[in-house]
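Below, subunit A partners subunit B and then partners subunit C, in two separate complexes.
Up next is the complex of A and B:
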């Protein structure tokens, strides 16, 4: 007997393909707003394309793009991941977020980086002065 | 009878100082003798009498004394023996037994006799003495006639002869009127007349207007009162110089109609809209004010009684398990509409609707029925969807919410309950929604309903969108965010369709978090060949949408199959089962199908039976099926 499928009207659901962390389980909630990734961040209405995710590259933590933007806008964040306190770097993935949003993200991350570097220089200068004082 | 002893005991001789003692004795006894001739028709007094009178009643004070004396004798006479007539005494008992006409003509004659008494004596008494005398006579007659039994007789007489009242040629009537005029009992007669009129009007209303709800009747009633009641007593009133206000009569009629309608109110409202006209007229009756003697207490009483009676009936007939929810809702709508006619301010409605609202809340299926009604899926409740389409009304409703900035704000009516909110009850949809404290419960139901329609492609998207927009006007724009996401999923999936036309698979892609009320946990896995097709689609999707993948929801969707030259449109479970027989002429066991598809054996059997009934499969043994070739 021949069974031929002519047409199929299927129903499916989409899910973010999330990175699995060290323990082998993918986080389901955004670490900042505590809403599932498949839902929206607090300022969005529609999930999915309109409210994209950002996957951490240095660490395994993921966030809603809009959530991490808000986090990094604060000086106190110092450009660190809010979960593990490593410097936050993200994976560049095509079509994730608008170019404007990604640009903003890039600017923020670079700003924090510059801040950190300046602090480091000052620290080095301080320690250099200390050294000088000690040699005196 | 006057006696000399009596007279002398009342008027001691020394007090009549101006009169010679000897002459006085003489003159008085002459007068007394003359008066003693009563009650025979009085003969012309002799000269001697006249001169006696003249000498006794020389000045005013003695005239007064004489009148008092005379009055006293008459009073005693009345008390002892009733009054005189044609030489006979009639005692009160006899009067009551006698025929009314006889009594009246007798009374009139007797009255005339007494009235004429002083005149025929030609005593030249002063006016004040005459008045004193007249007053006393009237008092005596009133005492006699004013008995309840007698008044009851008069009542019956007027009642029976009501239609002849206007025929001023009727001797009896004229006589009667003279009689009342004569004894100055006009007010009593007036009261009797009013009582009769009330009785007539009541009878007429109860006879003609019971259950007459669908036709206007007020005009008929007004006509009746004006032309058959008022004009009938017009003559009587005029000849007695009495007046009854037409508007008062109409008010009496209206009040009677109101109490009739109050008793019928439950049935009237159940009969709405056929009974609409009677509600309009009842409203007019309730608000009718006759010029001066408007009594707010009556209005208050009537409104209270109306609410009381209706609520009693509602409790008895409506709020019980025997009435299904749809009928309850229908009646609820009727109550709102009809009570707003009765009382546009909504105060009465507010009072009667509360227990119904409380009860409706206890019905499990109320939300479901309301939602179906609003979406025009329940033929019995078309009214609700019609109401929903009325966007003008919902616009007004929104405005009303802002009470603080309302320049046309007026205080609540005086008899309103403290938490009276008009906008909450005068709009049918608003009123039904506000039965529940939160709108959420409706939103969830709407979301479920529309979700199911979309996922099963039962309704055109444009129809759904139109409905959602109407609902947003009533429930608020932001309440439907979940539904908005669902609609967007639906629209996005449609545009996807063109993008991937390489396969024969159309996929509706859901944001699963927002469909969680609808999608269930799958009860089977797809046939491997279907899974393969889906995988290919999924890969394509992943390429388009980075970092996202799809999960199939096998419980929904349909597959169009070509089988033995016939085409079938079946759900995925049926398709998966029959695909097990593709290119396979060997019998397949239920157990193996059930294992491959992760489907329960019971369910597998059911689907196999379906294909057997379609003539596609053959049942070899209960455990073995093969294609029917």
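Up next is the complex of A and C:
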């Protein structure tokens, strides 16, 4: 029997390679927009490198880069991970996101850090004042 | 745009989940940003047996800003205004996180009914009642649940104006018998923050003070 191939279409599928968390299950949804990681954040059209993921470093929580950016833009976020409320830091991975977006993320994280340090200083100053009053 | 997509997803998830005892519905089929949430009063509390309705307004920055919620059903609770239904709960303010949902917020409200925080009150009068007379508070809260949050027609339950404010009926009757109108007596007692005379040490002095106020009121 001879088979003649008239036409063929190549199909490829892809999947973000996510580390599983402590419980052994990988979270498939971005906790912020509730869209699967393999889909895009609500403001993007095409999934993939244009709408990358950001992996938490320290905590194991992952988000769409655009989602976590929007969250950290809020003063009320205090720079914390939405899931576990630890200070959010991210893993640096090559070729993820445009350098501009990563730069913005870094600026936001540093801004929150500076804010926290300023608050701590003010608190120390308050307790210093209390000490002075005590000795009066 | 992200707001509408997320709310649609949340509504769908909430519909499929029947055992949490929390339900969400749209006020208007074409508007996904105004909803009403309903949940049951937790068992073992004065809110047991009640169905509580919450008005939900979703801001355009959702889920980065919390949804605005307030009680539609009148409720007697230290962290909820007995007049406006405004709620004092940290996750609806500065402790909000975008991973929280409308459903999880309603569940948090349910647990707020279970464990009030009288030290951080929304309704100072109710909180004072809670701290000074737990039993009286429970009775009043249960009474409000029966009158405002039960499926039973409110007209069937006997409406008592004194119980509504947690005021002992005996003391109202005592002044009514002296010839003062009932509504004025309750108004004066509410203003003075007096709910009963059993726990008062100088009973006759307090009675005289009430009398004085009533005379002023009824001039």
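Just so we're on the same page, the second predicted complex is superposed on the first by the 124 of 136 C-alpha atoms of A that agree within 3 Å, B and C clash if a C-alpha of one lies under 4 Å from a C-alpha of the other, contacts with A are read in each partner's own complex, and residues count from 1 in each chain.
Note that in this section a contact is a pair of C-beta atoms (placed from the backbone, for glycine too) under 8 Å apart; a residue touches a chain by one contact, two chains touch by 3 or more.
Quantities reported herein were computed from a predicted structural model and do not represent experimental measurements.
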item: Residue contacts with subunit A in the superposition, subunit B compared against subunit C; value: B
item: Touching partner for A:3 - first (subunit B), second (subunit C), both, neither; value: first
item: Which superposed partner A:109 touches (first subunit B, second subunit C, both, neither); value: neither
item: Subunit B versus subunit C as contact partner of A:49, first or second or both or neither; value: first
item: Partner chain(s) touched by A:38 [first = subunit B, second = subunit C, both, neither]; value: first
item: Touching partner for A:87 - first (subunit B), second (subunit C), both, neither; value: neither
item: Subunit C-contacting residues of subunit A that also contact subunit B; value: none
item: Residue ranges of subunit C in contact with subunit A within the complex; value: 1-2, 5-6, 9-10, 61, 63-65, 94, 96-99
item: For the subunit A and subunit C complex, residues of the former touching the latter; value: 31-35, 41-43, 67, 70-71, 73-74, 76, 82-83, 85
item: Touch list for subunit A against partner subunit B, complex; value: 1-17, 36, 38-39, 45-49, 53, 55, 93-96
item: Subunit B residues touching subunit A - in the complex, by the definition given at the top; value: 455, 457, 481, 484-485, 488, 504-515, 519, 529-530, 533-534, 537, 541-542, 545-553, 556-564, 567, 572, 575, 578-579, 581-585, 616, 627, 629
